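Heads up, the next two complexes both have chain A, just with different partners, chain B and then chain C.
After this line comes the complex of A and B, so read on.
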């Protein structure tokens, strides 16, 4: 029975199926909203799914200069790493499938692995445009990683300073339990700068429009994806969609956790609603408002403004607000 | 069932790659205007890609100049099957006013199979959308043939 339950968790509810459905829903809504803000009609809601299926039906070309095994394995490894993050997230009042004392650190590493897989895939494709793309992807990674780590430190230390748990806990379950007892973290004064910083980290982490320096289609021929076609490309597209969901879910757990009604379906509905609102704030609005940043602008923005916000949050936590 | 879903999505998400083979930029501007808010081809799933590897429909504009000929043939070879070639404007069809020039090595049909061609100098955005919509149907047929 427990084997079946685990299989259900991995393949259906917080795992594969739920991730894919949410990813398609969120990115479809994102595209419609961007279109509406530009006074267009926009694609149908299921357009990301059509894109995915179409890519599956195309011929897969492996360039002569590519390293075949790594070129084909990179998207799959990245996707699996991303979906496995969902098993660490205690979403919608449910307990996480795997929970330990340092979930957040594991999630940080798995998210990095997703980007690293994209870099490895690009490096193995042997194309000069992919080379430019991967160096940009690395700069983007360095940019958002610092503020992201600072936000995680702030979140974990607020639970530490209030409850006095020793050692300091990076467990998401502990953070959600803390929020259930003391109210969501976003309502605390010290956490507001960290929440804003996290909202700004999400579009770069996902690789959405103003920060999509690595996949700038007009400048460097889709950058990291320039040699991918067919099924591997489809998996990369799916990874991008699911990443939108995973980051929204991570924000929900870290800052809006502990909101439960006791009814499972209602909890899931509230969680989906939160994810949709977060996608609007973090993806659609910046996409419609901003033009694409330059690489050095992204770096400067994240290491000054966003990291600064996260540090302010850490100081406020230290002051006990 | 999965195969049928792929067949259906083939005509719902065509990605365009645009090759300028010596065009005067008139047709290029009209192609871009197809994607702007006024005509909004994205509601039919069209998207401009930056690389031929991800393209479904290749749009070629301009009379094929001697300088661009080799690049054109090489780029077309990089597009994965099933693919569609659309010739945009009068230039790739006939050479237009440049016909007979020493610098022109057209028409496009000499180098590749053309599925849909739009006439006009420059064609109207409505005509381009109609041609692209026709190309998506051909794309679906090609996918069905490829499966057999």
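After this line comes the complex of A and C, so read on.
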């Protein structure tokens, strides 16, 4: 029975199926909102799904310089690593599937693994545009990682300072439990800068518009993806969508956790609502408002402004606010 | 008397005897040479493995008095070998690395001249390192350090026809001597005050005289001596010079084994001899040195164009991690440090061997000239990727498990002491890890992926004999990463326990109650807190998830099977060579086109250009400068120790 339950967790909720559905939903909404803000009608809600299915039906072309096995494996491994993150997140009042080791550092590294898979895929393709794309992806990764790490430390140190719970300092479950007992973290003064920093980290981590230096279509022909076609490209697209959901969910867990009503379906509905709002703030709004940054600007922005916000949060925690 | 008691001395002897026998019989026949080497390194490994049961699991300590010169009336006059779990932990690291390096050498060195010298020196190096970690005597540690340094210098310069080989060896010799001298001065000071050099007796006597200024100065000298052997900041430039030119099997030894001797020395010094790990000054000193080395070396690696030089800087960066957490003085800190020390030997050994494989097959280590080798050397590529993922700390490899513990240790130290310094160290550790990853992406892009240059069109995969040690190390990377619980049970917990039970170490050599009589009380530890990062169940679930997704993809991809793998139409092989068809550089040769994007780290380096140009000037390559930095560092630590302790 527990095997079936685990299978359900891995494949349906909060695993594969839920991730994909949420990814498609958020991505579709994002496209509609951006279109509306640009005075366009926009595609139907399920357009990302149609795109995915159509891509799957297309021929897969493998460049001659490419290393075949790694070229095809990279999208799959990245996607799997991403979906596995959902099993570490205690979303919607549920315990995480892997509650024992649901840990912010594990999630941080699994997210890195997703980027690495994209980079390896690009490197395997052997194309110059992909080379530029991967270099940019790498710099983007270095850029958002510092503020992300600082936010994680700030969040962990709040729960630590209040509860003094030593062995579980990076545990997400502990953070959610803490929020259930003491109110969501975003309501704390000291956490507001960290929350803003996290909101700014999300678009870069996902690779959304003003920070999509690695995929800049107009400059470097989609960079990392330039040689991909067919099913592997479809999986990369799906990875992008699911990443939007995973990052929104991570934000919910870190700053809006512990909000439960006791009714499972209602909890899930609230959680989905939060994700939708977060997508609007972190994805649609910057997309419609800003033009793409240059890569060195991205780096500078994240290591000064965003990291600064997170440091302010850490200092406020230190002062006991 | 139990035969196991003789294993420590026998394992050291067998390596030294192997060296001399090799010099006698190995001149003519390569079979005799390889046979003697193989027997010696295997015997040493087997003897160390046999000691796991009594020492690691039953918690025994083996003391071996040479010529049975046991202590008289509480004074140790004889030479001793004393093996507790900490010594054995490092001895296992050493013997495994020596084994892998030796097996690899058989093929790797087969085209070189005067191989008999190579194997003689190699076995002497191995024996001296093993002797160092097993020794129960401070002066023998110095003797072993000297043998180690000189054999390592000779081996660095072994391929004298390499550009920079003699130069690298010379720098290593000069600056290494500075470290050895510092060590000798420290030992002389200790002897002048306490009239003994036995580690166990010193461990009992030194804490009693903790405020003696001469002993404090000795602490500074000994610390800097071991720091030189670990190539910590500011000694990192000579590691880079030495690694880049040494044969790959020796780079493995220098990076994986010699630096660990420095780590072992510092752990013994701080936790056993002086037992001053809980003093804030010592914590700042050790952690500070570690954190600075960790960060500076990883940024230096960004500028490198030589494969092994880049690995050399990473190796100091990883040793920086180890020293950082060793300095924390917490149980989690020391256990994560030991874990990372072990993992570093494994994955860095693997990476050096893959670098050696590339060099062996292509004759080059230049990151700017190599490329696209994954098509020609697919197995080496996989091995490299395993090593790169491990050093970057990607799950599920071993680097992740130990780095996770390192973050926990630094963060908890910062939280429980309320000291922002340790939080800063935690941030530096996390960022260093990302930079490490970025740096290895550059290597994989410029060596194994990307475009294959014309001159390497006919490169072949390395022979099986060279792949075997690489596979052994790669398998260890995975095993120690996937089963951290087993590693903890069999290796980490006993070793950490030994670190915290100095009194058992003392009593076993000097007789019962000697430690208590001198006021040393230590109880060891019961367990390592918060070390359950990866549960096998978790991992198996993840694996299941992977298989599911792969199956789905296979199903999705099946309609395409018939026409799958259509190869791009145009005949790229002919065109790729002509720069005018390169869309990206718009008709320029890549070397002449000043496109910022052609440097993989441009966005990062551009913002840090002042730092990088300062660092570039600082690493001047002049041995006088490096000696000066070393002398200044020793003077600084000496002053700080005497004034602040």
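In the analysis below, the second predicted complex is superposed on the first by the 317 of 321 C-alpha atoms of A that agree within 3 Å, B and C clash if a C-alpha of one lies under 4 Å from a C-alpha of the other, contacts with A are read in each partner's own complex, and residues count from 1 in each chain.
Simple rule for what comes next: a residue touches a chain if its C-beta (ideal position, glycine included) is under 8 Å from a C-beta of that chain, and two chains touch if they have at least 3 such contacts.
Keep in mind it's a predicted model, so treat the numbers as computed, not measured.
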Fit or clash - chain C, chain B, common chain A: fit
Which of chain B and chain C A:211 touches, first, second, both or neither: neither
Partner chain(s) touched by A:18 [first = chain B, second = chain C, both, neither]: neither
First, second, both or neither for A:293, with chain B first and chain C second: neither
Partner chain(s) touched by A:139 [first = chain B, second = chain C, both, neither]: second
Comparing the two partners chain B and chain C, which touches a greater set of residues in chain A: C
Which of chain B and chain C A:62 touches, first, second, both or neither: second
Which superposed partner A:157 touches (first chain B, second chain C, both, neither): second
Touched partner set for A:230, first chain B, second chain C, both or neither: both
Spatial angle chain C-chain A-chain B, Cα centroids [nearest 10 degrees]: 110
Closest approach of chain C to chain B (Cα atoms, Å): 6
Contact residues of chain A, present in both the chain B and the chain C interface: 56-57, 59-61, 129, 230
Chain A partner contacts - residues on chain C that touch it in the complex: 372, 374-375, 378, 381, 385, 389, 392-395, 400, 404, 407-408, 411-412, 415-416, 420, 423, 426-427, 430-431, 434-435, 437-438, 441-442, 444-445, 449-452, 529-530, 532-535, 538, 541-542, 544-546, 548-550, 553, 556-557, 559-560, 563-568, 572-573, 576, 582-585, 597, 599-604, 606-607
Contact set on chain A toward chain B in their complex: 31, 35, 38-44, 47, 49-61, 129, 216-218, 220-222, 225-230, 233
Residue ranges of chain B touching chain A (in the complex, touch as defined): 5-10, 12-14, 37, 40, 42-45, 47-51, 53-54, 56, 78, 80-82, 143
Residue ranges of chain A in contact with chain C within the complex: 6, 10-11, 15-16, 56-57, 59-65, 67-70, 76-77, 79-80, 83-84, 87, 97-98, 100-101, 103, 105-106, 108-110, 112-113, 116, 119-120, 123-124, 126, 128-129, 131-132, 134-136, 138-139, 141-143, 145-146, 149-150, 153, 156-157, 160-161, 166-170, 213, 230-231, 234-235, 295-296, 298-300, 303, 314, 318
